[in-house]
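The letters A, B, C and D name the chains in turn, as written, and every chain counts its residues from 1.
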Amino acid sequence: MAGYTTSELMVSRAAKELKNGDVVFVGIGVPSLAVNLAYRMHAPGICMIYESGAVGCVPKRLPISIGDPCLVTGSLAVVPMLDVFNLYLQRGLIDVGFLGGAQVDRFGNINSTVIGDYAKPKVRLPGSGGACEIAALARRVVITIANSKRTLPERVDFVTSPGYLRGGRERESLGLKGGPELVITDLGAYRFDPETREMVLVSMHPGVTVRKIKENTGWDVKVAQDLTETPPPTPEDIRIIREELDPQGIFLKSKAGS
Amino acid sequence: MSFGRFLAAAPPGGRETGATDVSKLMTMKDAIARFVRDGDLVVMEGFTHLIPFAAGHEIIRQRKRDLTLARLTPDLIYDQLIAAGCARRLIFSWAGNPGVGPLHAFRRAVEQGRPRPLEIEEYTHFGMVLRFMAGASNLPFLPTRNYPGTDLTRVNPGFKKVRSPYGDEELWCVPALNPDVTIVHAQRADADGNTQVWGLYGVQKEAAFASRRVIVSVEEVVDPSVIRSDPNRTLLPGAIVTAVVHEPFGAHPSFVQGAYDRDNDFYVGWDTISRDEAGFGRYLDEWVYGLPGRAAYIGKMGARFEELKADRQMCAPVNYGF
Amino acid sequence: MSFGRFLAAAPPGGRETGATDVSKLMTMKDAIARFVRDGDLVVMEGFTHLIPFAAGHEIIRQRKRDLTLARLTPDLIYDQLIAAGCARRLIFSWAGNPGVGPLHAFRRAVEQGRPRPLEIEEYTHFGMVLRFMAGASNLPFLPTRNYPGTDLTRVNPGFKKVRSPYGDEELWCVPALNPDVTIVHAQRADADGNTQVWGLYGVQKEAAFASRRVIVSVEEVVDPSVIRSDPNRTLLPGAIVTAVVHEPFGAHPSFVQGAYDRDNDFYVGWDTISRDEAGFGRYLDEWVYGLPGRAAYIGKMGARFEELKADRQMCAPVNYGF
Amino acid sequence: MAGYTTSELMVSRAAKELKNGDVVFVGIGVPSLAVNLAYRMHAPGICMIYESGAVGCVPKRLPISIGDPCLVTGSLAVVPMLDVFNLYLQRGLIDVGFLGGAQVDRFGNINSTVIGDYAKPKVRLPGSGGACEIAALARRVVITIANSKRTLPERVDFVTSPGYLRGGRERESLGLKGGPELVITDLGAYRFDPETREMVLVSMHPGVTVRKIKENTGWDVKVAQDLTETPPPTPEDIRIIREELDPQGIFLKSKAGS
């Protein structure tokens, strides 16, 4: 449809969220492609940091894990993980963190731990990794997830990574700054109401209807008054993604990555 | 230069090394037989980089039991140990096959108790790093601004709060972790265990300093003069190292910066191999139980290792003169 | 790649850098004029190695006042700043002329209030290191097993106790230290401030990360490709650096591993120069106020620098390829 | 007198206190000479660590400060000071620390901070540096100091570095292990009574009398029943000190060093 895939649309939309000069905690998959796309398009001053300890990376191939050797070769610095978490993340040096998960709820809380009860899980997921601290300590968080009643429930089964918790000022009251700013799904993009901290649909991808969004979201999601259509990726976006970033189509074919 | 004498007696932060007058250089078989014991708290670290797979296989081969395994990312190495029945408990922060999908043996153990139930103790990457650092610093805990609002602190009583004596803030803390044995793989060490690493550092230094015993396997055993030519490169001093094992390609299928690339096909293929217990059993029979050690493993891999060999991209050397 | 935008607004752990579209490369005169302000909490670190004397002289030359100076070992650099009347307060752990004797200006200020009274806030080396690390980690404090029984905790209310939530132990803590500006000297950096150091590390990394602004002076400004050829060597990322100053011999009379030796005759001679205020005044007139900057200082030193130049002893290079 | 100086005798005596395999926190002056002498004589497996971060040093000249570049060149490791204190000292890896000071008292407490009152000092001394933590966290401490009523008072003006505090079990009760084991002065050597933790004279240097010791000590110091004469340095000790360690006589001429 229209010469691009939904994944490419998501990558392109995520890239636009990054500003030149941002220091970005990068994950594998959509985040990695988005950051590299932004770096080549409008944000040559972006600084990529991976929780594995590589800083200022210039990967010569698409990294297949957050500890890929291509992130080390030619980077500006490689530091112990203790420094990544203490001196970069907790110190407040990370502008943007990308997160995914099995569930994201109405207030941007993320679950990547268990479906069902913690002690007797229906599905045991990988767990936090660095997600909890990114959610707690990065200045802005961008979330990518599939749009379904299962993945977007009203309340996550387990808060692995804190969003706005039960909304309003709760996050602030616990001493946490920042918080999720944008959720990008395969159907649309959402931001958070500055008062209630509830997820609000701000744009729909081409061809998607509000009805489809509502049918695929676990609560009666609010819709922004100035709802727009998500701009599709430009031909140049698509060319860079396909020819430069992922010539073998590794991530755009699969759903995996962490 | 051995801490064996006094540290063997100092719980819980104690430390043991081999007898001071015996060489630390030994085979993997001997190192695992002598320094990994049933019931031990074992750490095999290396974040994506330098994962000590050869040591993991030897632990499986020697059928060690009731281990508590700690590691940020259990990865394939602990998935194999879990499937082989070595583990009783897992302390971790992210259990997946990175870039591929779930860890099937881990999930079977947690969800179905097969081949045996697996207790889990769950932190986050930052929490695990701080636990090792607290252990390495002989402190009971370290504080962090992380964790408000997460359910992890609700299900894991290991998280506790402390009130800052400088103001009203409350901070979450994690407790020190002091392993019985930590195993790491590195690019090079001398025979006394002075170990140098470049590329990703992970948490190897903190885990090793926190540990009572330390086994280092390396791509290359070098003359001390190589180590001494670049002392800032040293990650672990020989003084905390119990055993040194010369084990080329000891990190496959993970990678060693400057030596060989990650074998991503193996990681992807693992998803199929490990999906059911029978497949897992066949893998262990063929590649672990069926082989005497790493040299045979390399021989069996054949030309694959040639394909993975690293290109040459040397650093600019620096002057240490005065 | 600048944190200026948000960090300028984030007290007390905030951070400022220069405008993002202006080069960070500037003269020492400009760097000190723009980024060191009267009343600032200033840190100039380097443990014996890489002491930023050129920056210290420029601060004296620009007659900065009411500074709080923090540093493990005030050394000659702060003795000079104290004698020149720049300092109101000193945070430190060991105030001496290393290997020679006392710091005379420091003692005159503390014992006699001349040229002006000097408030002191006293820790130990370990305490100072932990204060910087707490500041660099955005924590209010860090705990240690040190300090039971010392009178330092009696005279300095900065030490406070915390009870471990994991058992009954009480531990002493030190509070975070977040300087307004930290100044360090290094072997090399690129124009964006990605800074590499070898030899003694001291506490430069922790102090710089704790600081709102960071000035780096270097022996050599190099192309980013040099930095990128050995990323494990990077001590400070450009992202936290506000200004980069190319200042060869900027650490004299201290030393730079691989570049020049410590000028021990100067340290020994300092004992005589600094013994009375008149001698101190003559030194400052001749070597600081009387000179426009480091280039003139080097010219005036003449052949001495040749004698101090380091021998060549290169490290074994390593492979970063994959 | 007898072909050796008192400083050389102290160096030789201190060297004998070191065992092969000891990990030693080295200072400048007598400690540095003593460790290097032991290394050349009976303890080739000794590991020298300096608080500046150099580990396994093989200095090619007499270090003139604890941060001398000759400690770095050819060493086994150079580590940040944070690691020196956290991972080596606090972790319990240091066997022996050498300390000096302006005053040492009956229970081995050391003052290197002030003579007189802290707020209005008669003499302001350099302060702790790393001495407090070495005294608190090393397994054994060896002290070198001049023997006079001024330098060995019954009670130090200020406890910079804890010894046995007021004696008995007080040090232990505060959670500190180790403690001072030996004090070497220009007149004799002292150890600590295992019960009272009081300094006891165990050997006198050749030519020194108990009366001279008592006249130069700030309290009525106890004398061991098996009091001996301190063995003088051997000709080989003296040769190594003069020809190899300090050919320019830098430290044996001066009293300085830290």
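The rule we apply is simple: a contact is a pair of C-beta atoms (placed from the backbone, for glycine too) under 8 Å apart; a residue touches a chain by one contact, two chains touch by 3 or more.
All values derive from a computational prediction rather than experimental measurement.
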Moving step by step through touching chains, the smallest count that connects chain A to chain D is 2
Would you say A-B or B-D is joined by more C-beta pairs in contact? A-B
Chain A to chain C: how many Å between their CA centres? 39
How many angstrom lie between the CA centroids of chain A and chain B, rounded to a whole number? 29
How many angstrom lie between the centres of chain B and chain C, each centre taken as the mean Cα position? 37
Give me the residues of chain B that touch two or more other chains. 133, 138-139, 144-145, 169, 198-199, 201, 205, 229, 232, 255, 257, 261, 310, 313, 320-322
Name the residues of chain D that each touch 2 or more other chains. 54, 69, 72-73, 78-79, 90
What are all the touching pairs of chains? A-B, A-C, B-C, B-D, C-D
Contacts from chain B onto chain D in the complex sit at residues 1-3, 5-7, 10, 13, 15, 20, 133, 136-139, 194, 205, 209, 224, 227-229, 231-232, 234, 237-240, 320-322
Chain C residues touching chain B in their complex are 138-145, 160-167, 169, 171, 173, 175-176, 187, 196, 198-199, 201, 226, 229-230, 232-233, 255, 257-259, 261, 310-322
List the residues on chain D that touch chain B in their complex, please. 21, 23, 45-47, 54-56, 58, 69-70, 72-79, 86-87, 90-93, 95, 139
Please give the residue numbers of chain A that touch chain B in the complex, ascending. 28, 51-54, 64-69, 72-73, 78-82, 85, 89-90, 109, 113, 118-119, 121, 123-133, 136-137, 158-162, 165, 170-171, 174-176, 256-258
Of all residues in chain C, which touch chain D in the complex? 47-49, 72-73, 92-96, 98-103, 106-107, 110-111, 122-126, 129-130, 133, 144-152, 155, 169, 198-203, 205-206, 255, 257, 261-262, 264, 310, 313
